[in-house]
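Shared chain: subunit A. Partners: subunit B in the first complex, subunit C in the second.
Here is the complex of A and B:
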């Protein structure tokens, strides 16, 4: 199963453990994670299901192309990583 | 026969031994100019690195003054700077001139905003991001994309850091990756998460390295991926952002809609990261303040202290620091409305 992990700064706000999740697209994989951690969903996706503008999602270190429908394909061994912009300096 | 070596470059001998720099690269650095926006943790480490590396001209822009809790990570400052009440830009310039008297340092005590950022970046070959807030970073991005000026993003929170060199119209810009900054209260800040000095030093050092590559013309050798590090776990990622730029959908470099530069997304009031303080910026075109006159009007128990850079006083359990351009930093609150009210009552406007 694909593995989904989150930046540690996101984990400061919400429980966001690294999770193995079923699915063949980013949308399906995240839906599986959000089924267990529903608060995460509204933080990462907007009310239309698109990636919020301060969040970016990677598959094996490459940014996804479809931020609106999350249709990028995910293979069983893929690593999905969710991060957000940082502000400090 | 080899030409006579330039003896003025001898202080950089160890750096010139690195073949990708060499004497030719060192001479290019000497004739280069960098604007550093923000001289807190990242900015002070970067300014230190670039001054020692021999970048010929550094313009350091910062709106802030030095506090004791800065010294844990802001390497250019010390306790005496605090006692002297120096703004960060001025204190940094004084320190850097002692480190390298052969280069030009221009301190600018100001808040970078849509009205002045172009002037601050004029004549710069590269802009380095040393800021501590999203608003100024998106402003830098707008300006640099519009002006086709390379810049290097860097950011830190807690043990995590990010670095990305941005070559406008060639590599993804900040809004390609994150189309908009997060809403207030939805992202960690220095207030909530703190910051470790080691991640500051790593991120700023890598920002400086990418700047040096740009200045010597080594654009082909930039790390064009988003560098991400968690120093606590040791996890490093190089993240490929190229897909973010595809399709020309980026509101900034794709559609060339420079809303931050136009001032449409710029607030006049901002809560300062990790400070329990709010900054108030006067409207565009506001007249400069007469700090001496204001000091004279204050209640007797406000205990005003003034130098050529600022007026500081205490009122209603809040510490005001007022600058000649009308900007104020009000400590003791994160409530922007409360801060605006205090400003209106004691400064006016």
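Here is the complex of A and C:
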């Protein structure tokens, strides 16, 4: 089962634990996580399900290509990381 | 005890006034950007809009004056229909997204509409909630206006609604201000809209479009509660007043020391009396001569005096954003917060000002708690 981890910066706002989740695409895997943590989704994706502009999702260290429909394939032993781009302030 | 809420780039601050002056009594969302704050006097509820940047805009609600908060819904744009052509931002050449960019303005509905809230947003959508922020609806009557193709951002990339005025005589009569899209009014609760910027002018446009009502850049529009036909606008190119419910706007060129600024406050009972916080126009955006002052008129803008007692008059470079100048319901207390983290208050209409602090994060919004 793929493992999904979140940037520690999210913990400031709400719980975002590392989770094993079922699914064969990024969309399916995240949907499984958000089913358990319903508020988490709106922090990662916009109102249409696309990745927020300054959030980056990696599969085994490589950024996903489809940031709109989240169709990149996820294998059972993959590690999915939800990270943020750095910004100033 | 009088209370004030100050929304900043790094948190929300509650202040209370006692015999010793204003003191910070509570901090909320410390380190988070709080873009605006509302005290809804109808049910004594606080709302704070947060922009988490990477993680989007959020709305927090408190029913116990800030002791505890709960996250409620933010306005969400519907999916753009596939057959709907993009509206291209004329300044950037990019399509205006159907996505919430910034929750900029938050206003309570009328006294006869408990639970109704209005939200002005970037990229130009006005939203209504009927349930204290649990859900939101985009006002398509304004969003679908063909004139929206002409709107553009002022300061931000996208156009945005920063001012919403609910007429105290009729809660379905609404006035909104859009940078840069002018003033608009609805008389049917937000279903249909009419441009109401006649008399404003825009020096940043080609001459043939100088008076075009739908590209004006009102920085802030306020309505006098006691004389609701009277409105004031701090516009990019000066201060304008209307005494006929926005049918026409009159330029008031005598503002000293400058007619550029962002915020404007009108006395709650006297529509002739208004305040602005001037700055050097328009790329400079610093106080004239490094002196922080407030401009004040008692006669509808014919004459202005400059209030400086108690304000820094040497090497002060504070800019006051559009939601950061506030007046209380009595009309005697005013407060403004600045980009350098200063907060100034007065209890005598501005004859004398006091410095509360110079160490806050940059201030986005100042709001008095009604009935406190």
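Here is the rule we go by: the second predicted complex is superposed on the first by the 87 of 89 C-alpha atoms of A that agree within 3 Å, B and C clash if a C-alpha of one lies under 4 Å from a C-alpha of the other, contacts with A are read in each partner's own complex, and residues count from 1 in each chain.
Everything below uses one rule, namely that a residue touches a chain if its C-beta (ideal position, glycine included) is under 8 Å from a C-beta of that chain, and two chains touch if they have at least 3 such contacts.
Every value quoted in this text rests on a predicted model; they were computed, and no experiment measured them.
With subunit A as the common reference for superposition, the partners subunit B and subunit C occupy clashing space. In the superposition on chain A, A:9 makes contact with both subunit B and subunit C. Look at A:58: by the touch rule set out above, it reaches subunit B but stays clear of subunit C. With both structures placed on the common chain, the touch criterion links A:84 to subunit B and to subunit C. Of the two partner chains, neither subunit B nor subunit C is touched by A:75. Of the two partner chains placed by superposition, only subunit C is touched by A:46; subunit B is not.
Counting the residues of subunit A that each partner touches, subunit B and subunit C differ, and the larger count belongs to B.
In the three-chain model built by superposing on chain A, subunit C overlaps with subunit B at stretch 186-194, while the rest of 186-194, 204-212, 222-230 or 240-248 show no clash. The contact surfaces that subunit B and subunit C form on subunit A in the two complexes overlap at residues 9, 12-13, 43, 52, 54-55, 84-85, 87, 89.
In the complex of the two chains, the subunit B residues touching subunit A come out as 38, 40-43, 129-134, 137, 154-162, 177-182, 186-190, 192-193, 195, 228, 230, 232-233, 237-244, 246, 273-274.
Those residues of subunit A whose C-beta lies close enough to touch subunit C in the complex are 9-10, 12-13, 39, 42-44, 46-48, 52, 54-55, 84-85, 87, 89.
Only residues 7-9, 12-13, 43, 52-56, 58, 61-65, 81, 83-89 of subunit A touch subunit B when the two sit together in their complex. Touching subunit A in their complex are the following residues of subunit C: 9, 31-32, 52-56, 58, 71, 74, 76-77, 79, 98-100.
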